[in-house]
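Take a look at the structure set out below.
Labels A, B, C and D are assigned to the chains in the order they are written; within every chain, residues are numbered from 1.
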Amino acid sequence: MALKRNVGLKGIKYRGGGPMLAWALHRISGLAIVLFVGLHVISSFFMQQLGSDIATALNTVYESIYFQFIVIFIVLFHALNGLRVIILDLWPQLIKFQREATWLQWLIFIPTYGMTVTIMILNQLQGG
Amino acid sequence: MSSRPAPQIGFSFEYLMWIFTRISGLVMYLLAFVGLVMAFWMGAHQQVDIGALARWTFFPNPNHVTNTNIPDVTLGWSNAWWQVMEMLIFLFAVTHGMNGVRVIYEDYIGNTWGRALGRGIIFLLWIFLLIVGIYVILAS
Amino acid sequence: MEVTLKIFRYNPESGKKPHYEKYTVEAEPTDRVLDLLEYIKGNFDGTLSFRRSCAHGICGSDAMRINGQNRLACKLLVKDLHGAQITVEPILGLRVIKDLIVDMEPFFENYRSVLPYLINDEPAPKKERLQSPEERERFDDTTKCILCACCTTSCPSFWVNEKYVGPAAIVTAHRFIFDSRDRGAAERLKILSGQFGVYRCHTIFNCTTACPREIEVTQAIGEVKKAIGTGSLE
Amino acid sequence: MSNYHQFDVIVVGAGGAGLMAALYASKTANTAVISKLYPTRSHTGTAQGGVGAALGNEGEDHPDWHTFDTVKGSDYLGDQDAIEFMCHEAVPAVYELEHMGLPFSRTEDGLIAQRPFGGHTNNITGKPVRRACYAADRTGHMILQTLYQQCIKNDVNFFDEFQVLDVLIENGAAAGVVALELANRELHVFHAKSVIFATGGHGRIWEITSNAYSYTGDGPAALLRRGIPMEDMEFFQFHPTGIYRMGILITEGVRGEGGILVNDKGERFMEHYAPTVKDLASRDVISRAMYLEMRDGRGINGKRYLYLDMRPETVNRYAALDGRKRPDGSPYVVTGEELLSKLPDIVDFARTYLGVDPVAQPMPVQPTAHYAMGGIPTNMYGEVVIDEANTVLPGLYAAGECACVSVHGANRLGTNSLLDLIVFGKHAGLRAAEYANGASFQTLPADPLEYANQQLDQILHSDGEEKVYVIGHEMKSVMFDEVGVFRTQEGMQKALEKIGELRERLKRVRKPDMGKVFNTELLDIWELGNLLELAEVTTVSALARTESRGGHAREDYPKRDDVNWLKHTLAWKRNGNIELGYKPVVITKFQPKERVY
């Protein structure tokens, strides 16, 4: 008997390198944003209609600076990686520059995210 | 050396959703860009912190704009134009996102039955989110 | 130099679970991994099973996962691995029959599903059909495919769903879709625009990295996606 | 019985010859192909340079020139009627491949591109002619893929990973084959009216070889055991340019595009051995020249290899010296990119296996065992003939490298093998179907599996000390040293003794894998048995032939001897001994002449 077709967690060990990681992050970030937006909408609804406590609790989480670090990371990554994917999809002849595209993506991501986070921390410190 | 008939453009569901994902991605960029530029134009530089700005960029809802120092900061920011803007971006984001969920689900599900079931559930969720979201926007 | 091979072992008849076994051999830096496997089979354990034929990367028999990446054992030299331990495992996403041998049938079934042959019912001329060097160049890259399955079995989309036709089948389809002599593009594009066609590809690029023939697999898939959208075969 | 199958035509082997035969046979008869490898893994896929046909797309050419070149290349041992047939059929056959979808490289006018190859000349000027139709440097790959694709299109039946062990011959006619299913070690009987063998060559007999692991001569060995003779087995081609120590082939196309061979002193030594065509002389001539250079200490650093140089500056310098022109009359000048686009796989091989960039550095090469001219005797319709009088064995056919028509005689010209596959594959297929449609099934013997079962049992019950791996290596090394490019009486005698010893030792191999699932060790042992069988036939045939001709070069008999040896060898295995017989060569238009290039 042959073994069952079963990739499971072995796939994670596959050394796909950068592009595979980017895809995994894109997928996770996309799901995370859906979750984030979805919960936010529903909690806003409850707050508006019932002034519910759950909503306030959730908002506290959402507005905490640590959570915002994460959310901004996720959104920024998803948006930039998505842009790379879109560009390569619409002009497949550029796919041979995929490596360069990935570099460029991080080149934009790191300063943008870094700056945002720094300003937020500075503001936080000032605001007390 | 030889001319051959080009195939007709095939409008398969998979293709339409695929191209929608790309287009909606670009549209969100555009809308966010407008939101960001106009926020600055309205004086965001002095009025809001960057977290709020980020949230506004994606969802230009005045509720997202807070500033402990200026009590009525959102005054100029809440009007019909922004409601339309927010609805648009919300529509695109939720549709794009729920379709993404569908794609992920269908990557894993091969059989027709499971696919139909999944599509049904995701479709209902999508409608539900849209209704609730638009209600919230209009009511705020 | 001395290298240790850690090899995935599974024998369906032994009743034992899959496990890894280690073998230490003396190797030249210019030895192929395949040479080491042959040596181990010949000297230590004759039951070790794997497929191979040409031994120079052109028949596509010996795709396996070496140090976590899909490679042809005959196209990878010891010196290129930079390490004293080499892990050898079967490719992912196909049923393991024995040791490094997997069931290739689903792979070939996907291949057959994209009409992998020239379609042209117009009466042929007495001599060759003409084709300019540029028209020939258009699909040159994808004619190199040896159906080794390195690409398809490195693709996470294929791992989770073997009905996805996979990069290898799309590469074959590409080879015909962009051949100026072919008339079956519409039919193939229709198949590939379906549920298990090109849109299961999320540009993960594992396939391109894995391809031992250095085919720009993801680009080929991208061109097919684009042809579906634009209806143009430029 | 689920392991019993019945087809009109059975094709054993799914390389170029097998698939071509299957395509044609399946048009009118119920046909199945049995192959021990997945069809696309067949050795045809490794062929690089091209398929020969006098299309005349890039300069004047005629099938008759092709015929003469082939006769001359064969050192006059080829049968001239068959050669003429093949060279004329070549032109429509190549067009047919093109129509099937084969992506040939193209000329500016959109025609099939052609390149020069060793031994192919303009019969008037003696200069090389562009006759090899190519698809970059993967012509065989494209032929194999295209034919397999056509088989899919036409719904041909395949039994992949089934290894044929035995052939059934009843009442003097073919009755079927016995095959082992690799996946579960079960034996199957394939009952057929016609059986076509297309199992390829047996180059694994030699140490340094361009041939695949699967090249173990299963077809010829099975037939030999059933009383069919082998023809011209002493003629085995050593290709001049194999990668040093690995044997991986560097196509003659490299020299076709202008590459040259140099020795340690940096000399283009082929000038001395073949003044007119130099590096494009036929393969036996070049391999021998290389051997002599190395023996006289002019190997690179005194070692046993030489350089193959295809750097653009070298190519251009010698092209200018030779006055080489492009088809449009302009001088021949190449760039690195151009070479790269015409020979991408070669560049890849050199980079991978040698760590050498061939556009910047020369490649170390040595002669490598390459092609079996000899094999199962057939006539030009693919029918197997079993004696000096060319008596046909009804229902049995062979085509491709395992067959000996003989169109290659004592030495095959490059590009003629792929041609052989498609021409004789096709005709074998047609004949086999025609025969099957007019014949009835032979009755099978009471226990068709008897022989195979008994042999397998013997291997499985073996419990000695010997290792297959070691025995195999000893055979390869003695054959390469003693029955290689140059041969002597003594050396071959030594080899023969060794083969006898190894055959005995093979009976005492250590206990093999007893499993049923993909028992590849069992097959390795079986295949080594086949190789030893054929090594013996090769050596016995070679010992008897006291002359030098084509691929068979004897130091003790350096001259060709047309008076005594212008004849084909036939070798039978009878009661454990090899018996030899001879049959005449068919000569039509060309009387034997001295062969100079």
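Some notes on this structure:
In the analysis below, a contact is a pair of C-beta atoms (placed from the backbone, for glycine too) under 8 Å apart; a residue touches a chain by one contact, two chains touch by 3 or more.
Values in this document were obtained by computation on a predicted structure and should not be read as measured data.
Closest chain to the protein centre (all Cα atoms averaged), using per-chain Cα means: C. Annotation: 64 Å between the Cα-based centres of chain B and chain D. Annotation: 27 Å between the Cα-based centres of chain C and chain D. Mean C-alpha position of chain B lies 39 Å from that of chain C.
Separation between the centroids of chain A and chain C, computed from CA atoms only, is 32 Å.
Residue numbers of chain C whose C-beta contacts span two or more other chains: 12, 97-98, 129-132, 135, 160, 162, 181-182, 225.
Of all residues in chain A, those that touch two or more other chains are 27, 85, 89-90. Across the assembly, chain B contributes residues 1 that each touch 2 or more other chains. Listed by chain label, the pairs that touch are A-B, A-C, B-C, C-D. Chain D contributes residues 37-38, 40-43, 45-46, 55, 95, 98-101, 103-112, 135-136, 138, 141-142, 145-146, 149-150, 152-153, 183, 212-214, 246, 248, 345, 348-349, 352-353, 467-470, 472, 510, 512-513, 515-521, 524 to its touches with chain C in the complex. Against chain B, the residues of chain A that register as touching in their complex are 27, 30-31, 33-34, 37-38, 41-42, 44-45, 48, 63, 65, 68, 72, 75, 79, 82-83, 85-86, 89-90, 116, 119-120, 123, 127. Contact residues on chain C toward chain A in their complex (touch as defined above): 10, 12, 18, 65, 67-69, 92-98, 103, 154, 156, 159-160, 162, 202-206, 208-209, 216, 218-219, 222-223, 225-226. Chain C contributes residues 11-13, 30, 38-39, 41-43, 46-47, 49-61, 75, 77, 97-99, 101, 104, 108, 112, 116-118, 120, 124, 126-133, 135-136, 139-140, 143-144, 146-147, 175-176, 179, 181-182, 214 to its touches with chain D in the complex. Residues of chain C touching chain B in their complex: 129-132, 135, 157, 160-163, 180-183, 185-186, 189-190, 193-197, 199-200, 225, 227-233.
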